[in-house]
Amino acid sequence: NIFGSQPQQQEGAKTLRIAYTTVETVDPQVITNGMWILTRGILEGLVTQTETGDSVNPATAESWEISDDNLTYTFKLRENAKWSNGDPVTAHDFEATYKRLFTPSGASAGGTTLGANSYQASTGIKGAVEFLSGALTDWSQVGVKATGDKELVITLANPNPDLLPALSHPSLLPLHMKTVEEKPDDWQKPPNFITNGPYAVTNWVMNSTLDLVPNENYWDRGQVFYDNIQVQLIEATASGTQTVPYENNETDIVGIPDVDVQRFQKDPELSKHLKVVENYSVAYLAKLRSENPALEDIRVRQALSMAMSRDTLAGVVTGAKAGQTLVPGRVKGWDDSFALGEDIEQAKRLLAEAGYPDGKGLPEIRILAGVDSPIVAALADVWQKNLGIKVRPDIVESGVYVERRWQVQKGDYIGFYFGTFAGLPTWPTYTGSLWSPIDVQKFSLPSASWAQYQKIEQDKELDAGTKNKQLAALLKEKSSPGSREMADLVAKGYSEPDDAKRLAIFKEAAGVREQESLYIPVLWLSVYFAVRPTIEGIVMRAYPDYFYLKGLKPKA
Amino acid sequence: MTKSPLRHAWDRFRRNKLALGSLIFCGLLIIVALSAPLIAPFHYTDTDFDNKLVGPGVGGHLLGTDALGRDVFSRVLYGLRTALSVAFGAEVTALVLALIIGLLAGYVGGRLEQGLMAGTDVMYAFPSYLFAVVLVTVLGRSIFALILAIGIASWVTQARLVRAQVLTLKQREYVEAARSMGASGFTIAVRYILPNAIGPILVTTSFGIPAAIGAEAGLALLGLGVEPPTPSWGGMISEGVRSLLSAPHLLLFPAALFALTLLAFTWVGDGLRDAFDASGDQR
Amino acid sequence: MSLSQDHSAQDHLLEVSDLRTEFRRSDGERLTVVDGISFTVEPGKALAIVGESGSGKSVTVRSLLGLLPRTGRVTGGTAQFQGKDLLALKQRDLRKIRGRDIGMVFQNAMEAMNPTLTVERQLTEHLLWHGICGKADARKRAVQALGDVGIPEPERRVRMYPFQMSGGMRQRAMIAMAMITRPALLIADEPTTAVDVTIQRQLLDLLAGLKDQGTGVIMITHDLGVARYFCDDVMVMYAGRVMERASTLDLLDRPRHPYSIGLLGSSIEVGGRDLPLIPIPGSPPDLARRPKGCPFNPRCTQAEQPRCSEEQELIKVESGSAGSVDHGAACWKAAALV
Amino acid sequence: MSESAKQGEVLVRAESVSKLFSSRAGETLAVDDVSLDVRRGETVGIVGESGSGKSTLARLIMGLQPVTSGRILFEGQELSAMTGKAQHALRGKMQMVFQNPYGSLLPHYTAVGNVAEPLRLHNRGTRESRRAKALELLELVGVNPRFADLSPRQFSGGQQQRIAIARALALEPDLLVCDEPTSSLDVSIQAQILALLEELRGSLGLSCVFISHNLAVVERLADRVAVMRTGKIVEAAPTEQLFADPQDEYTKTLLAAVLPVRA
Amino acid sequence: MGFVRYLASRVARLVVSLIAVSIIAFTLLQLAPGSFADIARVSSGATNIGSAGTEQMVTELENRYGEDKPAWQQYLIFMKGAITWDFGPSYKYAGQDVQDIIATAFPVSATLAIIAVIIALLISVPIGVFAALRKDSIGDHGTMFVVTLGHALPSYLTAAFLILFFTATLHLLPSSGWDGPANMIMPVLALALGPVAVLARYVRSSMLETLREEYVTAALAKGGPYSTVVIRHALRNSLIPLVTVVGPLLAGLMTGTVFVETLFRIPGLGLYFTQAAASRDMPLLMGTTLFFALILMVVNLIVDLIYGALDPRIRAEAGGRGFLRGGRKLWQQSKVQPTSV
């Protein structure tokens, strides 16, 4: 059958069709666009995100206890949690899955964890980093332990206020390890793929569809309402319009691109279909290293940040808001107190002070981007108008983009690269792991030192220990005082048990980062979905989960 | 009465109204492309945030604006520039490569021919469009890279044609006659064979131009066209396809001009083919 | 026409009168290629059409069979064949005559045979089309016909493709193809140009046999020797007109038209080493710029103006010797030229 | 060149030359151990059945194809042993007229351009002098110089062949090889060419190799005739003798098959 | 005998060409900026990764795929597998072997291409014959005019217009997916329209040429019914060279359908290739490139063989170069236009 899927739906079956980007693999421990579909309702972790995304609801774990030192988490798993093949979901499953995640690649069958392991290791689980690097080979020393069929204990090396939300990340979802080990090559292929979430996978045709049916053994089967879910896999970069299938009633839930949002909004009928997740990601600029030192002057960077007319830019993209800070407004406790603010006059003064009155003498500023974005074009326009400087976008192929971002640019090529970041809407995420202290420090290095830094990093002769020591020393010596200050503040924030105090510290750290202007916030972006009104129970939530499949139901 | 073969071809071409009209249209396109800065009411990067995505005629924008309020008409004009420079550049590249390789292979023959033809076979086996994708990926996005990529991807067919032409012409008695007069291989290849092979070569080249314009647009669709914000039709079309329902003018105008240009060049090619194909006159 | 009056209509196998054919050139210009030609063919007799290259010999016979290319058109005249006017027949009716009653041998045998079909197929398909016989019988006839034209091992050769045969064999196969239905009229357009003299002789003898069985033949040739050897009558064409028409011996021995005289003067033959060679001066006329009156006028050494610039009728110069056609020439001076 | 002292001396000699063509389809011995002399001022006719190797022999004599065995000597020198330069120089002394008049002229050159081309290739004279010479030659072969700037396809077959002959004469060669120069022309044009050749032979003292399947033509032009069959010369004799008293069987059948035109 | 040798030499050439193709592709890939790890990090949406994660990821990839080895060794390792039809696991589609991807996706592309070509033939042959028989009439010019329109429009544009018309306006056909015959209509049309134009003009001109042949006149002179003569003598002989156009056209369509595939969400092979190139997925890119090259060359070989089988002149020369000469020559003339992307 050349048509991969077999649409053999019975009469009256309740079917939901949603559009989603291509799923390259359903291994949640491999970083792909596809992995995020798993959290929506195929695999179920210990917890799921709340609607705001900054805290969690019980899922496979019925409840948990946190020790007073914030280092030990004891999860109690549901008695009736079952895999789609009827096996009970046990704490051992979780332990085995996490062991697979932290096992250095190539060592075992589970060696396909493209990078996911390394940053999950930094969630702070005790011994994870060491185990992963091979320094520690005794798994029992790692802070993940099934202390009973239904009890899992996670021990941290240092407190992590974000641990619970982090557990909703795909790579910390459980896998049916028995199948994974027995069928190392084929466990992903239906019907081998065993799930513990509300839905199970019956059919998967790459670049085409992923077909789901209810997991009859799911502990909360009553909340699973659709008989079929067809996930239509659309290659994001090359896709044409996605609204055509929606408006032709081939799809029930779909992300809507900007141009169409405006039309939907104006249409009395279609406007009812629109759902929005606001401020889900942050568009930002990062300073490029260059032989020309113009941007190493903090005044120039601040001037540029102050003269962005972010409100104008926000007008370019529907639903966008002025990106006042790198921490978006939806993070609880946000206020504009630590923003650098906008002030064109001040910006001009700063430029003049730096030796570029009216932008004279400043080389052309390039904005490096991997995809053509209206924001970049608009920004170039705005900067030219506000400051009288020359600005030109530099849109390159993605391979070039990733390579150039880390290079020291030749000659008078100065500028920023353009990117977007999104994460859990929490302070530790937005200060500790996105535009993290170490990154800020690295970006603050003068170009020469950065070149040196890269050289050490790539030196194959050095062993890991010496390398890290040398790098740390270099950072300490050459990075900007501001960046070091930020690093200290973030570290302090992590171990501060008091919520209010912690918030204040993080906010201060974020403020220092804004002042440095190595990373410059541009816009806070929203994402729009069209959801057919025949669907009930949809709750739009924060990045990255957007909505869960569980609880969706057809209107009677 | 005094008419060279080229003159004859031209006479035949002239009688073909469609081809002649197309040729004039193509000439106009070239003039327009050259004078785009004079004609275009806006620069292609000029944004107009108050008039984003407006339809034709609104806010002084003849064909409307895109998501940034950039003038579609101006962008289409500049896109024409891109399209034509890439197409002509690529065709010249292809032609030069094809002539050198085809003439050498066809005339010299022997080992050299086998070697060259093996090389062409390999290049032929390399799916030309894939080759362009990889090459642009490697060289980065620039007009130069596109010209090279499309040119290299299309010289193969041309070289084969040149060689085939040379091989047939080589059989003609005048080549042997020339040899008997003491002409060198180079003279024969360049002075005697080439001018007589030029007809069909010209025809392929003229067909190559719309193909190259199409190829450029295709690469742009994959995000491998010229670097934005330089407008390219492919880029505009892919943007247009994405807003098919909400802003059809973004697709329709570039697509219409694109299609017209392709058609015009195709018809010119057709006309040339008929003009050079004297067989219609024989009996 | 004035020449054939002494024959009763029933005698003629074919009577063509005042045939005119035009071509549209690709630049839109119209060329009269055959300009009012009349002749007759008798059963069991052969008519030779000779004349300069491009004088319209092939076009004349193609016009008769309705086989002109798309750009050509018969614009006038009649061609009575077995009581029907070929030129007035519908294609459907003409088709029934072609191949069955009139056979044609094309100028170039290599091109006139379909390279992708076997000789057998091509020899027999018209037998089937015309319902002359069944498949099995057709096959037998094909082998027989190939044998008849002197091709050795016909059983084997019949299964060959044309390109597998030598030029001479192909030419013979072509003749076999035309003869296989025993047509009443055979048209042969330069059937022997591609072969050397020895084979030419064989082919002519073969055709002579056919003639003896009552088939009328039109033979187009450049070779006056062939005409003399094989044909009963000769018609000389120049620029789409008949210049002279007579029985072969009359014409070759006593040509009356200056063009025929020139033609004979420029033919050379073995043993004629010491005869003077008198080429016709000038070059053939451009049909688009036909001279007024006699088309040969500009090249004619005998021309006298203004008489030669007037239209020239084919006039009778002399009665034909016993049973043969009258000797006619399209020149007012013909009677004076011997 | 026309010094009578030189008359009779051998200009070209073919010494038991053979030519073998091998293709994947098989091998063809196109010319099989043929020896032939052409003396100064003499015309040698070659006749024979088609495919007997006449054209191949002509090409070998012209050095357009290498011999498989044997030697071709031009004025006592072996062609294949010469340097490229010497060969180039020699090309000026031997010229060929090809079977197909239109095909052998450069289609994109004018008539006069075609005639002047050998002069250009051998760097004779200036552009103007070459043109003047070419016009002179055209006139000599009877092509009105008024039409000198037309392209070859605008001439009739006979005129084209005249232009080809003019071109062959441009370098004042000692030897002219004609490969069926009239076979594609009709009798009246053939007669024009023959008359021209006869005249030129008398006035320029050319040596000539003349290939034709038309026995009458050969009889007319040649001093001696060689009859070829399947790559071999089966008979060679002075013309009159050959026609009057053929020795070889094949020659006899050939002559017997000729159809007379006149009574 | 000769034929076997001929075939053997063709296959040998094919192998050498494939090796050359692989070397070029590999070299190009080495020259390309960026690596899979770098790009994956940016494009995967794995935005939480700090820089520590990247380092880890790069080393991991290097270990897994041998990217730490010198390029020539990597090449040899890859080719060693490739010989046994094992291209190894894709980087991007982790857990999938490249040959499995090809095995599932290629049939889809091939089906699409084959149907498109069949449709194109069914439409273009009658059109071409019609136009040739009515040369220079209004009908001829009219059809050829329309046909050129179809040709000038690249498939992606045709596809967009088809969607706009059939889906967005008429709501007749599904715009995307690959679930049943209704899904095929638009992609097949989009792919077939270009070839219709190419083939129709080809049939027309080849038909015109054949109609001019003396043997067609000769067949008419034998009293053949017009239709019989046109079909048996003219059409048959005009269609033989068509094989040489259809082959490469088919191969081209099989490899070049990426736009149509993405636009209609069809799980074909074209999409994989572009993704492989964009993400520097070495095994997938090499695998698909080699596979495409193989397809192209095999199709060419088949075309030459079929051509020989159809035309007795070439068949007779089998073992000689006849196959090549006849087939290729015509084919070169016809391949005037590269398949538009």
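In order of appearance the chains are A, B, C, D and E, and numbering begins at 1 in each one.
In this section, a residue touches a chain if its C-beta (ideal position, glycine included) is under 8 Å from a C-beta of that chain, and two chains touch if they have at least 3 such contacts.
Going by UniProt, the chains are C = Oligopeptide/dipeptide ABC transporter ATP-binding protein; D = ABC-type glutathione transport system ATPase component; E = Peptide/nickel transport system permease protein.
On a predicted model such as this, the values are computed, not experimentally measured, just so you know.
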| item | value |
| --- | --- |
| Those chains which touch chain B and also touch chain A | E |
| A-E or C-E, whichever has more C-beta pairs in contact | A-E |
| Remotest chain, chain A as reference, centres from CA atoms | C |
| Chain D and chain E: spacing of chain centres that average the CA atoms, whole Å | 53 |
| Gap in Å, rounded to a whole number, between the CA centres of chain D and chain B | 48 |
| Euclidean distance of C-alpha centroids - chain A vs chain C, Å | 91 |
| Set of chain A residues in contact with two or more other chains | 237-240, 244, 247, 397-400 |
| In chain C, residues with contacts to at least two other chains | 69 |
| Junction residues of chain E - those touching two or more other chains | 32-33, 160, 163, 168, 212, 258-259, 263, 274, 278 |
| Touch list for chain A against partner chain E, complex | 2-5, 7, 24-25, 27, 30-33, 36, 105-106, 111-119, 122, 132, 169, 185, 188, 205-209, 232-235, 237-240, 244-245, 247-250, 281, 370, 397-404, 419-424, 429, 433-434, 436, 438-439, 442, 457, 544 |
| Complex interface listing, chain D residues touching chain B | 59, 62, 64, 87-88, 91-92, 94-96, 98-100, 103-108, 117-118, 121-122, 149-151, 153-154, 164, 167, 171 |
| In the complex, chain B residues that touch chain D | 1-5, 172-174, 176-183, 187, 192, 195-196 |
| Chain D contact footprint on chain C (complex, rising order) | 52-53, 167, 196-198, 200-201, 222-226, 228-229, 249, 252-253, 262-273, 277-280, 283-284 |
| Chain A partner contacts - residues on chain E that touch it in the complex | 32-35, 37-57, 60-61, 63-64, 92-97, 101, 104-105, 107-108, 111, 160, 163, 167-168, 171, 174-180, 183, 258-259, 261-263, 265-268, 271-272, 274-275, 278-280 |
